[in-house]
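The structures come next, written out as structure tokens.
Each of the next two complexes has subunit A plus one other chain: subunit B in the first, subunit C in the second.
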Partner chain A sequence: MGAPRKTKLLPYLLVAPTLLFVLVFTLLPLGEALVGSLFKQRLNIPKFQDPVFFGLGNFADLFGDPDFLQVLANTGLYVVLFVPLSLAAALGLALLVEEKLRGIAWFRLALFHPTVLPLVSAATVWMFFFTPEYGLWNQALHLLGYSGPQNWTGNPALALGSLVLVAFWKNVGFFMLFFLAGLQNLDRSALEAARLDGAGGFRMLRTIVLPLIRRQTVFVTSIAFIGAFQTVDHVFVLTQGGPSGSSSLLLFHLWQVRFERLNVGQGDAVTVLLVAVLLAFTVTNFFWGEHREK
Partner chain B sequence: MKSRLATALRFSALLVLSVLMALPLVWAFLAALRPPEVPFAAGNVFFGGYLSFENYQKALSLAPFAQYYWNTFCQVGAILVVQIGTASLAAFAFARYRFPGDKVLFTIILLQMMIPSAALLVPNFSTIRFLGLYDTVAGIALPFFGSAFGTFLLRQTFLAVPRDLVDAAAMDGCRWDQELRHLFLPSAQASVAAFALSSLSWHWNDFLWPLVITQSETARPLTAGLVRFTQMGEIGAQWGLLSAATMIVTLPLFVVFLIFQKPFVRGYLSSGIK
Partner chain C sequence: MKKLALLGSALLLSLTTAFAAPVEVSLAYPVAVDAPITALLKGWAQDFMAKNPDVKVTLVFAGGYPDVKTAVQTALQGGAKAPTLAVMLATDVYDLVNAKYVDNLDDLVAKAPGGAAFVKDFLPAYMGNSTYKGKLWSLPFQRSAVVLYYNADLLAESKIAPPKTWDELGKAAQALTVDGGKTRWGIEIPTENPYWTFQPLAIGGGKNVFTDDVTVNFNAPEVVDAVQFYNDLSKKYQGTPAGVQVAWGSSTQNFAAGKTAMIVHTTGSLAGILKTAKFKVGVSAVPGKKAGSWASVTGGGNLYLTAGHSAEERQAAFAFAQFLLDPSRVATFSAATGYIPNRTAATATPEYKAWLEKVPQAADAVKALASAGPELATQNVNGVRSLFNKYLQSAFNGAQSPKDALDAAQRDADKALADFK
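== the complex of A and B ==
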């Protein structure tokens, strides 16, 4: 019989547009950054306006730069604070809103709505919360009898924490959604049986509920982790990486290197490092998730 | 078995947490309506005695928010329409046909989900400049015209279309585009809606990429416009004015969300299938 030539070509034609955009805006840039990271090119220095081969020099420069090491430390601390805190809180909230209760739809809305707001808008509002004197955080601290930190985002010890707080508020309801979906799919009879066996609340959570929502947990962990690396909108609004570099994150640093300092080669090098971290994480997570599933 | 006390405790805990979570938006809403002559002071930061639209008027006069709206609208609309088009074609091909190399091509497309576009900001900036689209709405939108997530999600849905129906349609001499339009897409309405809403809110809220790829008011979207507004010299710490600008940027999408809560939440959840 043999299908006419037209139908053999058809699937390729249908896939072509998507494939083209993926090639041009995901694969090609990856190669571009890899190659570019091996060249020295600085647009604000006449001698280095055109790319010159530099080997691994950009990477050597980065890791020899205390500012960059500080950025790495900040990013690590940010991720280590943000991911576990927001996930634990999200699970707690999901457990709280899971069962029916008067006004539950309103509670869920209140907990989830920050997800929908643009992060730059949210951060602009938080700028006020962090402001000295009459900012809400300081007022709250005063009510508690503490005369402490005045300027949250201007204090090197608190700036990074302020960013974590905003990201926490913005995302906790989003992560809650996935835990909630997992909890609602649980087999009620297993829970009832455990309860009849006299399992306490916390033990039940640890030994029965958590293993059953493992898939959601793996997934939420990965979006939390990736999200922590790919959103720096609040850094732009609240701290601009300061004071003295104490709240600069990797992606914000990338922006500064490439668009403020016009160091093209080093920008490519940071891109390569950022992609490497993200890929290492998503790929291990993918295989880990797939593997444990069976 | 649940005691009354436990329920009351749960209710109180949720009430306190909900109030805390809602505080930023509630404050911004009220602060925007404060009369500018009533200064903020400790203990007096919410309702300013009477309502005034002066902050809104001043914010609108200081920055071209109507232009920002138009830009965001075009950007989000273009991305949405093209993404749904390209994704349904590709998803249809992967779900309906077996062809040499299909697995490899699918994997290549899925790579896009493993590398967040934010990380590729720098090389994509060069590509858009090379294409002559720097500082245009088209330049903001173009990198997102192909969507691995959309392709993946729609393929999953299309695979659920019963084989018998597809065969019957083919027997009746249905062309491929008729199959797609009359058989596959109607069965995927919920997925398309979920994908559309998650794409809509993702790109409406996107900031860093539009910031990098635009420099003039003619292309700048709402988010980048707001940040520029907050950094204008004459604004300083005029919280009422800043809140009004924030509300201008935030409220429309938020109202859409309040109306379509269920499909929105489904959209956010479906981005979880990734």
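== the complex of A and C ==
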């Protein structure tokens, strides 16, 4: 009697530590944020220090605030620029470094090394690259014939692009690693057969390689998307969300609302929105990938 | 028997005293300032513990002011103990008190030997942010002011006198700019987080940007005029980059490297600038609109006692604060950093006199304080400050006219402050 019962318990025991971790550090805080988002609580205003039921008031306030709408638009643009660009570059680089050439390990290392640098240090170095008069990027612009100094992080038209550029440099090597692992596990015979049938490089990529590395693509898309939505360190170091809010992103805004303005209810509402978007994307991406698999 | 019991009790008492756990005091300090402060603080903590063996001091070095504040907030809200003392922005006082993150100091001042005289000795310009609702909440610690740094050698070579008015400042910037700024700018004003470096322009124009904790003057004609002058520096005089300018750290590097002839920056950068600049550095308050109307603005961090500590911890923390703010230590701290001495008694110490002899610019930095207005400090300060920054940058970048931008800033700030009135 006892033996089968033990067998049934074992899987639960094995996942229990992870489950506990997810429960304590993800589900409980999320539940708390969900409840908190329905209350008005502002720690720096004595009359709103204790939570008062506010219904969907925090969400209404957020969507009625032009600054928040700008943050949403910035975040959307950041994701739309960062995810496809970095994925395409990572795949391209993975295809390049997959070749068995002399010294390829050094090349891979060079592409991967930005990933291991602490982001704040990296962003500080990039701040120097963006310096208006003598920064690297302005020197590049001068070579192209542009004469005036350009303040990359101080120009509303360039500040968000500067953040994308740093994130791109920082993450492409990391994403490349997953594509590389996928490429190295491909069935060589299928590729050889296609090559003998006369398929060109692009056709092979489109019809054989990409479908076969779909799982890696789904995974990398998910982490790129989630990472893009959670971008905050670059914003702190490079732009502080400026100028005039043109590079403020969702997580940075959340930090401002919760820790600078001490608006607990609204901070919880932003958290709920952030998690909802990420959850919707991850679930859709997963099911889309699984569906295509069938 | 009685004797034996007495002896036993005495022994027990002495053992308890000998092995009693020391009172723990921690100090959270934002280390991201350009000065060798960690070594100073560590040495002083050791000295304090040597004199007070019943107290154990731990120093917690955090990144910047926001990091210290976030650490205090998260500890208190998570039900943990926050660092006993924390150096946080003087202007955060209203939020910190309202949110009950910090503790009142009045009872400790009353109990401490010489407490009242100690508090009275701080410069009045720096005490403005220490009191709220008639109570004392913090002590000025590393206090600064915004000043104009100029390359005195370059001005002398170009036969330009240090500017005394807006017009002279604009003309000097124009004359000192070389090759449209590619080789050298006349002046740079870091405006990535502009409210603070902008305030001396507003004050020099005739009005500070706020009156009290619930009243801002963002769209006062004098403030609009000051934004117009900032824009004129690039448009009319072509002496500074157009729009939002360089980052805070880059401007001091540019100045020391001779890539800009003047900068508007904090006195806290004085030691760093003097160490790297290979020319004579001049320091003055920022010239005002009219002759004689100099301007500056206070800034920097205060020492707060955080909430939730026992009577012993509070007392030990206050004793450590008094120890750190002893006149000779204040003078030593100023000499190492450029932060303006925050106590009158510090200016009479040999350390201060030695500093002035070695660094005559320090006296000019202290002099600038006489024309300083208070830093923007309101209720909901982060909300108000970030919206002011947003509209200032909008006006600097030409996205809105100065008047339109500041009218919008006033409207939004009044809304952000409505719940506090």
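Rule of thumb we're sticking to: the second predicted complex is superposed on the first by the 267 of 294 C-alpha atoms of A that agree within 3 Å, B and C clash if a C-alpha of one lies under 4 Å from a C-alpha of the other, contacts with A are read in each partner's own complex, and residues count from 1 in each chain.
Assume contacts are C-beta pairs under 8 Å (C-beta built on N, C-alpha and C of every residue); 3 or more make two chains touch, one makes a residue touch a chain.
Bear in mind the structure is a predicted one, so any value in this text is a computation, not a measurement.
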Superposed partners subunit B and subunit C on subunit A - clash or fit: clash
Which of subunit B and subunit C A:L43 touches, first, second, both or neither: second
Partner chain in contact with A:F259 - subunit B first, subunit C second, else both or neither: both
Which superposed partner A:N58 touches (first subunit B, second subunit C, both, neither): neither
Which superposed partner A:N74 touches (first subunit B, second subunit C, both, neither): neither
Contacts of A:S244 with subunit B and subunit C, given as first, second, both or neither: second
Touching partner for A:N171 - first (subunit B), second (subunit C), both, neither: neither
Dominant contact partner of subunit A by residue count, subunit C or subunit B: B
Touched partner set for A:M127, first subunit B, second subunit C, both or neither: both
Partner chain in contact with A:P118 - subunit B first, subunit C second, else both or neither: first
Subunit B clash site on subunit C (candidates 19-27, 55-63, 289-297 or 361-369): 55-63
Touching both subunit C and subunit B, counted on subunit A across the two superposed complexes: 127-128, 131, 133-134, 259
Complex contact set, residues of subunit B against subunit A: 7, 10-11, 13-15, 17-19, 21-25, 27-28, 31, 40-45, 85-87, 89-90, 92-94, 96-97, 99, 102, 105, 108-109, 111-112, 114-127, 142-148, 151, 176, 201, 204-205, 207-208, 211-212, 222-223, 226-227, 230, 237, 239, 242-243, 245-246, 249-250, 253-254, 257, 261, 264-265, 268-269, 272, 274
Subunit B partner contacts - residues on subunit A that touch it in the complex: 7-8, 10-12, 14-15, 17-30, 32-33, 36, 93, 96-97, 101-103, 106-107, 109-122, 124-129, 131, 133-134, 136, 139, 142, 169, 173-174, 177-178, 181, 219, 223, 226, 229-233, 236-237, 251, 254-255, 258-259, 267-268, 270-271, 274-275, 278-279, 282-283, 286
Touching residues on subunit A, where the partner in the complex is subunit C: 42-49, 67, 127-128, 131-134, 148-149, 151, 153-156, 239-245, 256, 259-262
List of subunit C residues in touch with subunit A within their complex: 66, 69-70, 73, 94-95, 98-99, 180-182, 185, 191-193, 241, 243-247, 249-250, 254, 259, 379-380, 382-383, 386-387, 389-391, 393-394, 396-397, 399, 419-420
